[in-house]
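Consider the two complexes below, in which chain A is the common component and chain B and chain C are the respective partners.
The block that comes next holds the complex of A and B.
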């Protein structure tokens, strides 16, 4: 037993120590920095200022816009993704016995695996106002060209569109797993009882999908709060502050103005926001499991 | 297209044309097989029917020009045309179905479907699955899915096309769908060049020691003077992603084994802590890491990025590998232990070979995550250790935007990702949810 314990510790030690060092240290240091006035371009300006950074942040208009945009981006993207993912997942379940369907499914999933930077670039080329193919198609359709990423009214919508394109496959994959786990007998029994499609969705598919979807939403909420690559490549938060999100804001404070104290405070707030959402959703999942089992 | 003035861009017509041919050639063989013909005839007839309805649709659109105008909104008219064209092909298919003659003797397929004496029914014998109507609907669904998949891939295909365009074609307005493919973008990506004046061009053309890349660049009046940074960045990407993957998978394997086989105090919390490190937004972590790296001289070094990537992949590999090891029955090792193996021997000889698929999948996932990583690389490197992801967009900044070169750079970068996605398709769901969800 003692030998076992020694082996266990030996096996665990590298990973745990490494992760503690690489995550706890930066986290604590971030928390510390967020209460100071530290600025890299002014090395002698130091000093503890308590929660001033946080109160400055909360009263800052740009940061508020950033929070608003982040929330709009997350909520809108996730809702649209859920709807698209559900329909496509159902279609795939229906054809799951057609040969080759797993290959087509993988083609669908491809955007999710693409390098986010590349998909950002891809879309900024496609949506570019003069030489992009998106506006070319619109012109051919007789529509006025759409400003896409170039106007403050449409930039956030365009970013949401890119986000949805890239991440719908993720929720689709999750829902597919959920739908495939439904026993066929349930569908057959429902057909016998003369249930219509809405009733099947409501009473058979929804309960099976619930937990899978909640897990998926947690992942997507965290991802959206961390979203940086696509925005940095396509708009850098512009035009104006139309696509300013919290990560962009923190990035600019840190690497643009070297305001590391203030930037850290913004970063810590992102972390707190993501954690709150995760905790709430997690409670949801646990609560439901408690009721069912 | 077809010399007819149509209210739709050619693109859509081509797209739907492919769709109808696809529907026809997948739905018709079902009917033909059912009636005892060879399915190949069905494919040919179906494709013809699809093409026919495509032509019918185009003619109808030309005839209904006033209708399209009445609708005023071109998008609505697209919807109408979809409905109309679907009606055309369904009607034609129904027509074909009625008039396909029964073949003389029952074909082998029919016997199989009926569960006759010659061929036992090997797959599902459910009645609805051999019904041609149901099968045609499946074919229709499959065609819809294929066309939707094509639609989602259009951006990627467009990029792949752009990679082979010349500079004028890449920035042409309106964009060119049909173009002369050239390797100019790829050569631009890989090389540094300088502009030549006309006298120098003539002098260069007279030389005969030029290779194919030189000749391509000469066409646009440029001479190659060396290798570009991209090659270096790609090499950095390989080194950094590769090393960090090996490190994180080996550490992760040990920890996953310990979590799976021994009682660890506070296991749930520990595992959650490990997962949460992966969920930290990069911006939160970078500033302290940045300051620390500057002190330690790790800023803009391979080692620095490797250390960071190892950390974020480690949490992932622990979770994924724990799931894979959990699936190996404990009894295997217990038997080995009884036979006198030590724990380490049992781990090496029993668990590792059993978990090899899982280890391979984890390795590839870790590699791709490190390969795709952008934010850390952008903030923690400038030149020496810079990887390809932050480099590709930076090509936009310098003067003329060489979209062809950028597309070529993206394309090269994506090829391994695409291969891996297909190779790992059984494990994708598991990989992207940290092993939380297994089936699918």
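The block that comes next holds the complex of A and C.
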């Protein structure tokens, strides 16, 4: 048994030591930095300033805008993705016994496998005001060209559209897996009882979908709090502050202005917000199921 | 009745096909644009199909950016190997050995994945600089391995728990040591699950931008970072961008088709019983 214990520790130790260095050390270091005025371009300027960075952040208009935009982006994207995903998933369930339908499905989910940088780039080309194919099509249809990413009124909507395009397939796949796990007899029994489509959705499909969808939402919330790549290649937070999001804000403070003290405070706040949302959603899952993670 | 059902299904297949083609139209458009000349890019109305199979954009990228592509490949392969090397023994230990507080340990491992990369950015950047690995492939790999471990351990544990425990005991009785049980029995039997782990790790490394932006400057710069540089503020080289995007996504498209059955398993992470 003692030998087993040695083997066990030997197998686990590299992973645990690695993860300590990757999580606890950065966390403590970031917490420490967030209470200083450290700036990498001014190496001699240090000094403990307590919670000043945090109070400056909370009163900073741009940071507030970044939080608002992040929330709008996350909520709008996830809601639209859920609706699209549900209908497409049902469509693929309906044709799942047709030969070749799995190939169509694989083609459909390609966007979610793409490098986010690439999806940002190809959409910024498509949506380019003068050269873009999107406005060309609008003109052909007799519509006025749309400013897309170039105007502060429409930029956030355009980013949401790119986000939805890339990630609807993810929720679609989860729902598809959930729907496919429903035993056929349940549908047959419902048909015998004369249940209509809404009743089938409500009483048979929803219970099966609930957990996969909640897990999918947790992942999408975390993703949206981290959203960086698409913004970085399309708008960099602009025009003005129209698409400023929290990660972009912290990144610019840290690596644009070298304000690592202030930037770290922003990063710590992002971490806290992401954790609160995850905990709430997690509680929601455990709430009824009891044994799901 | 039967004929009507078949007709309905045929209509649904057509709808699915049309939606799918619409959904990947941006990809087709980009693929076509990669062959365009600078002149064709600026043509109004836009041309869908370029006049000739012009490979100049691809040549230009392979000419100047081969080194960055090599960085991406090396970092992806190296990180994936590193992740498997560390995650598989850990997952095995979590599967077969009894342990106090195992649930807490597992939860802690998974929870480290919740950390947004930006929250660890400065400490990791300064740490990598301190040990002299800034702008090296090793530096990027070191960090990528760390970011992938939690999910990899978690997924590998899920797959190994599905193996019957009696096999391990039988092997021990036959005189195998624990490392032998791991290498000769657990790994071969969970090869499907471990492929899923490898696929998702490789995809993360190949696609990653934020960490690569601040861990590299020139030597170890990955191809994703190079792609972001095609859209400067003044002169946007769309034809090179399109060709670069195609180079970046061709491996992903191939991987997706080869491994489609593992993708669902990896995404649902056992949330749905197959």
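Throughout what follows, the second predicted complex is superposed on the first by the 289 of 293 C-alpha atoms of A that agree within 3 Å, B and C clash if a C-alpha of one lies under 4 Å from a C-alpha of the other, contacts with A are read in each partner's own complex, and residues count from 1 in each chain.
We adopt the following convention: a contact is a pair of C-beta atoms (placed from the backbone, for glycine too) under 8 Å apart; a residue touches a chain by one contact, two chains touch by 3 or more.
Everything quoted here is computed from the prediction, not taken from an experiment.
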*Should the pairing of chain B and chain C on chain A count as a clash or a fit in the superposition?*
clash
*Answer with first, second, both or neither: which of chain B and chain C does A:48 touch in the superposed model?*
neither
_Which of chain B and chain C A:257 touches, first, second, both or neither_ = neither
*chain B: which of 60-68, 132-140 or 204-212 bumps into chain C?*
132-140
_Residues of chain A that sit at the chain B interface in one complex and at the chain C interface in the other, please._
4-5, 7-8, 10-12, 14-16, 18-19, 22-23, 25-27, 29-30, 33, 88, 91-92, 94-95, 98, 101-102, 104, 106-111, 113-119, 121-123, 125-126, 131, 133, 136, 140, 165, 170, 173-174, 176-177, 181, 212, 215, 222, 225-226, 228-229, 232-233, 247, 250-251, 254-255, 260, 263-264, 267-268, 270-271, 274, 278
*Touching residues on chain C, where the partner in the complex is chain A*: 9, 12-13, 15-17, 19-20, 23-24, 26-27, 29-30, 33, 41-42, 44-46, 86-87, 89-90, 92-94, 97, 99, 105, 109, 112, 114-124, 126-127, 143, 145-147, 149-150, 153, 178-179, 182, 203, 206-207, 209-210, 213-214, 224, 227-228, 230-231, 236, 238, 241-242, 245, 248-249, 252-253, 255-257, 260, 263-264, 267-269, 271-274
*Under the touch definition given earlier, write down the residues of chain A that touch chain C in their complex.*
4-5, 7-8, 10-12, 14-16, 18-19, 21-23, 25-27, 29-30, 33, 88, 91-92, 94-95, 98, 101-102, 104, 106-111, 113-119, 121-126, 128, 131, 133, 136, 140, 165, 170, 173-174, 176-178, 181, 211-212, 215, 222, 225-226, 228-229, 232-233, 247, 250-251, 254-255, 260, 263-264, 267-268, 270-271, 274-275, 278, 292
*Complex contacts: residues of chain B adjacent to chain A*: 7-9, 11, 74-75, 78, 124, 129, 138-139, 141-142, 144-146, 148-149, 152-153, 155-156, 158-159, 162, 171-175, 251-252, 254-255, 257-259, 262, 264, 270, 273-274, 277, 279-289, 291-292, 307-308, 310-311, 314-315, 318, 343-344, 368, 371-372, 374-375, 378-379, 389-390, 392-393, 396, 403, 406-407, 410, 413-414, 417-418, 420-422, 425, 428-429, 432-433, 436-437, 439-440
*Can you check the complex and tell me which residues of chain A touch chain B?*
3-5, 7-8, 10-12, 14-16, 18-19, 22-23, 25-27, 29-30, 33, 88, 91-92, 94-95, 97-98, 101-123, 125-126, 130-133, 136-137, 139-143, 165, 170, 173-174, 176-177, 180-181, 212, 215-216, 219, 222, 225-226, 228-229, 232-233, 247, 250-251, 254-255, 260, 263-264, 267-268, 270-271, 274, 278
